[in-house]
Amino acid sequence: MLALAVQNLVSPPVLFFGMGLGASLGRSDLSVPEAIARFLSLYLLISIGFRGGAEVAHQGLTLTLVATIAAGIALSGGLPFLAYAFLRNVAGLDHINAAAVAGHYGSISAVTFVAVTGALTQLALPFDGYMIAVAAAMETPAIFSALFIARTGRGRTEGEMPKDFLREIALNGSIVALLGAFAVGCITGERGMTSLKPFLLDAFAGFLCIFLLDMGLIAGRGLRDGWRSLSVPVAAFAWVMPLVGAALAAALAWLIGLRAGSTAVLMTLGASASYIAVPAAMRLALPAANPAIALTLSLGLTFPFNLTVGIPLYIAAAQMIAE
Amino acid sequence: MQMFAKKRVEILIERALLKRLTDELVSAGVSGFSVVPLAAGRGQAGQWDSDGQIGDAAGMFALWCIVDPGRLDGLLEAVFAIVSRQVGLVSVSDVEVVRPERF
Amino acid sequence: MLALAVQNLVSPPVLFFGMGLGASLGRSDLSVPEAIARFLSLYLLISIGFRGGAEVAHQGLTLTLVATIAAGIALSGGLPFLAYAFLRNVAGLDHINAAAVAGHYGSISAVTFVAVTGALTQLALPFDGYMIAVAAAMETPAIFSALFIARTGRGRTEGEMPKDFLREIALNGSIVALLGAFAVGCITGERGMTSLKPFLLDAFAGFLCIFLLDMGLIAGRGLRDGWRSLSVPVAAFAWVMPLVGAALAAALAWLIGLRAGSTAVLMTLGASASYIAVPAAMRLALPAANPAIALTLSLGLTFPFNLTVGIPLYIAAAQMIAE
Amino acid sequence: MQMFAKKRVEILIERALLKRLTDELVSAGVSGFSVVPLAAGRGQAGQWDSDGQIGDAAGMFALWCIVDPGRLDGLLEAVFAIVSRQVGLVSVSDVEVVRPERF
Amino acid sequence: MQMFAKKRVEILIERALLKRLTDELVSAGVSGFSVVPLAAGRGQAGQWDSDGQIGDAAGMFALWCIVDPGRLDGLLEAVFAIVSRQVGLVSVSDVEVVRPERF
Amino acid sequence: MLALAVQNLVSPPVLFFGMGLGASLGRSDLSVPEAIARFLSLYLLISIGFRGGAEVAHQGLTLTLVATIAAGIALSGGLPFLAYAFLRNVAGLDHINAAAVAGHYGSISAVTFVAVTGALTQLALPFDGYMIAVAAAMETPAIFSALFIARTGRGRTEGEMPKDFLREIALNGSIVALLGAFAVGCITGERGMTSLKPFLLDAFAGFLCIFLLDMGLIAGRGLRDGWRSLSVPVAAFAWVMPLVGAALAAALAWLIGLRAGSTAVLMTLGASASYIAVPAAMRLALPAANPAIALTLSLGLTFPFNLTVGIPLYIAAAQMIAE
């Protein structure tokens, strides 16, 4: 496992993340234009969606798919309650911010998903193509749990459900890109893969490196500005919660009988926290929450933790569990 | 050229809330508005830069609309009633326009 | 032909177009940043221009080239008169809007050109590299026909030719990119192709998919906002006119004796309508025309029609004609 | 600091017409102007968004120039004379500047 | 709605100097500002366009801040003292805001 | 050498540069969005940095590395004094503008570096991977020389060193991207290269062509607007100075005993002038200088000179010297 951890640490994507982090902590003016960052994020979603779909077209749907999606939804919907309890009782965060942060940790991070699948591919550990559908299914339930939590309690009026909110959440750009590309992959299968391979597969590692460079720059900036507003127990949450999420996911994977690779993916999904789709939803639904807290935690602390320590750990654990 | 006095209302707003604000303006009967993306800024919540952002909520915009002075109070009340907690800086200034019929 | 139509329908580019259309009709917030859309359009023009040039460098100029370019110019200049007659007499559109729309239908759509060449490549039906030069030659004559039409009639003052208009039209960015890359392809030939193949050829399908996703998003939005301003006969025009254009092009191709692939390309060029270069020219020269009408017709109705029904039809017809 | 009164003219204009407008301003002797891209907007022609656009004509800009009050009428007339049918919203407001010599 | 009179200061500045200006504003105690990217412009140094640019110094921005009239002179002096030779066009206008406490 | 010059002239990148130049001199509205230009510049830096690092990981550090870096620093720091002397005494430029322009010519142009390495690769002339580190080391010394020159002379107050200036120069985005990618290349070596090859290597020529198209557009615009402000001797400087820089670099390379390929690279670095990083530094430190003069010289005159005439010349000379 140590060898894997080290190898993971010195892979180009992680190093580019580190480069961005260092540049931004050192206040370099290096930056990635906003339009490029948005394009890269769209590209990553389309690439992983399409590959998942092509994989499913190849393998067919296995029986465990429905069970795994159900497990993902349960994780996404359930983890916010655990997160909220920790944040309120151990970390002492206020009600509304605790609810908002909890929503981020139930949902998932697409780039962390990419990182674990990359590590699995390098280790030649196979995982199921439909895991991308599981990832998509886990994006949103957490948002509703966070709203539910925010509304609970005497006389609470926070957590309004704005008009059109449901449609907006369901047709969120990230989810449409992911599921749309998944569908295209399913339909066109190997023929589609042949024509799109150079762009969607071969160039993937390169685009990912530039995206992670940008994420490092942003995470570093967030840490620079945001660490002052974080107490130690709140920061600790960002490293404890992934382990809780991964452990719960491991239990569910074991119940379903997933193979090692898919178990590692589900654990990583449980462990990861959103920083793209959920922040936007929380701004709409919980405007009183301070968005900087959740973003600093999920992007500044949890994301690098998963990238460096978490993923090797989850893979090692998954191999033991699935044996 | 004859000019007609109007009001120019400028509202700073986050990307996540822009759609809600424009929906509100439309239902308040505002005939038009324009939106400009901000590249950077600083306020109570600290300093930010559009290149250092990620996600669907990131980014700020300056929306302005030119309205008849008679409609100003209604517009401001509608805006504040709905997005009071989230709306950013709102400022109003005097402008003159050449063609008065469209406001 | 049905098999071809179905295969065309389930190709990744068409599916991505459909995904964009669906997302935007469902009011998803999925979007492609403007700078990326402009880059993709530049990339597509450079790629098809360069490939056309490299092809010509390989084959040499055939005798039919001049005849085909002349045919293209005749089509581009002539079709607006037919289109105008239909729009005025059958569809009842007013003078100035009919002239503006007519200009769009004489000119061509580069992406439709790409789609037909893609389908031909998959069918292993060869076409001539110089067709790209024909496409470039067809971009602008239609603009002048539209101006001519707009000025005709008693006491008309519409359709001014602004200062510098001729130079602006001739040195329009799309045409310069297309012809410039064509020239580079001609000059560097196979050597150039070797170095640029991974970027301009291999990655092409992927970039095209993202561009078509964006086109779908835009077409959907246009339909959502614009369909109210369209009468049924005007909408019918968007499906009838391509058939007229394709039929005329087929006749000319038959006279020249083009082979099946090139016939299909010329038919598609005749059938397609501009939505990039002509709208800008019409805003300058016919400011009183409503730009939304032409754009909704060409991008919202004609483009998907060609992509799904038209191209398979034109290819099938071209094979019969050229036999 | 001593301030000098000037006028700020703001013109909303489509991409396809921007060059014609700036050429016009230059020949009307305007010493300078600045142009900002709009990200979205709404007017009589409906609502639009810069990400939902394609083509060389798409996009709108807000151009403004700060001019001496004495030159205002000439400027407005020149602008309206040439691009009357196409020019978008034009508004004028009062500003003060520190260095008067450049306008 | 009750409104409070403030000043809106707008400064045009090159990309290379933006950071220096914002640092200066912060140390002059300005509570907030917003920055918009320019797409094109013309001045004594000629005409330019953001697409025709290269390099880390290229590009211009319009920065504006809404401040209390009482702080205006201090602000302008601070800005001109530091970046006098490089600072672009500075203009000041009157605006009204709804919430006065933040300026 | 003539054959090489011709072959260099008709390579796709140079032709795309010419296409941009022509389009912009003819006032076409062709343009590359700013965000794309910034991305391409970042991509090029990362690609050449990474490849240099991977090369060093492969070869190991040779003994001559330290000597070559020292030579590069000496060139970058020393050339501005020569340039200033020429500009003041021969070309008659004023003190402050001469100092600013001199700073540009001590520093280097990353794209000219790319062009020479491309030509060497096509000629199968090997050069050392660490030359990229030499290029990075040559970026900034010239800035300090320019400041030193500007301050010299009776009662001069120009050339202030703004607060934080040193850190800003050292952590300039271009340098961080170049050296960061170099480090990632060193660390991940061949394994990293395998995963990033399609994006960073195979697609390189294509991205470079689009970047050079943009550079051509910008250079043409600069020439159109700026040539009026240039006197003949100042313009002559833009073609003489590269030869001076290349000659000095050749002497140093010969002293160190570099091989032909690396000699050609060092000569090209000496001959090239900055147009990305130095202009920004000069705006901060020498605000009274007119930025258009330096940019027109370096991008409008020196860059095309090196691209077309210079590089073949330097390579031919390097082969003679290193024999």
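Order of writing sets the chain letters: A, B, C, D, E and F. Residues in each chain are counted from 1.
The definition used in the following text is that contacts are C-beta pairs under 8 Å (C-beta built on N, C-alpha and C of every residue); 3 or more make two chains touch, one makes a residue touch a chain.
Composition by chain, UniProt nomenclature: A, C, F = Sodium-dependent bicarbonate transport family permease; B, D, E = Nitrogen regulatory protein P-II.
Small disclaimer: the values here were computed from a predicted structure and weren't measured.
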item: Labels of chains that are neighbours to chain B and to chain C; value: A, D
item: Smallest number of contact steps required from chain C to reach chain E; value: 2
item: Proportion of interface numbers common to chain D and chain E (over half same, under half different); value: different
item: Interchain centroid distance [CA atoms averaged], chain B/chain E, Å; value: 19
item: Chain centre separation (chain E, chain F; CA means) in Å; value: 34
item: Where chain C and chain F are represented by their mean Cα positions, the distance between them in whole Å; value: 41
item: Multi-partner residues of chain D (each touching 2 or more other chains); value: 36-37, 47, 56, 93-94
item: Where chain C touches two or more other chains at once, by residue number; value: 29, 31-36, 172-173, 198, 202-203
item: Which chain pairs touch, all of them; value: A-B, A-C, A-F, B-D, B-E, C-D, C-F, D-E, E-F
item: Residue ranges of chain E in contact with chain B within the complex; value: 1, 3, 6, 8, 18, 22, 26, 30-37, 61, 66, 93-99, 102
item: Contacting residues of chain F [partner chain C, same complex]; value: 10-12, 15-16, 19, 22-23, 26-36, 198, 202-203, 205-207, 209-210, 213
item: Parts of chain C lying in touch with chain F, wherever the complex brings them together; value: 33-36, 38-39, 42-43, 46, 167-168, 171-173, 176-177, 180-181, 183-184, 187-188, 192, 195-196, 198-200, 202-203
item: In the complex with chain E, residue positions of chain B that touch it; value: 10, 12, 36-44, 47, 60, 62, 73, 76-77, 80, 89-94
item: Interfacial residue positions of chain A with respect to chain B in the complex; value: 24, 31-34, 37, 41, 162, 172-174, 214-215, 217-218, 221, 225, 275-277, 279-280, 282-284, 287-288, 290-292, 295, 299
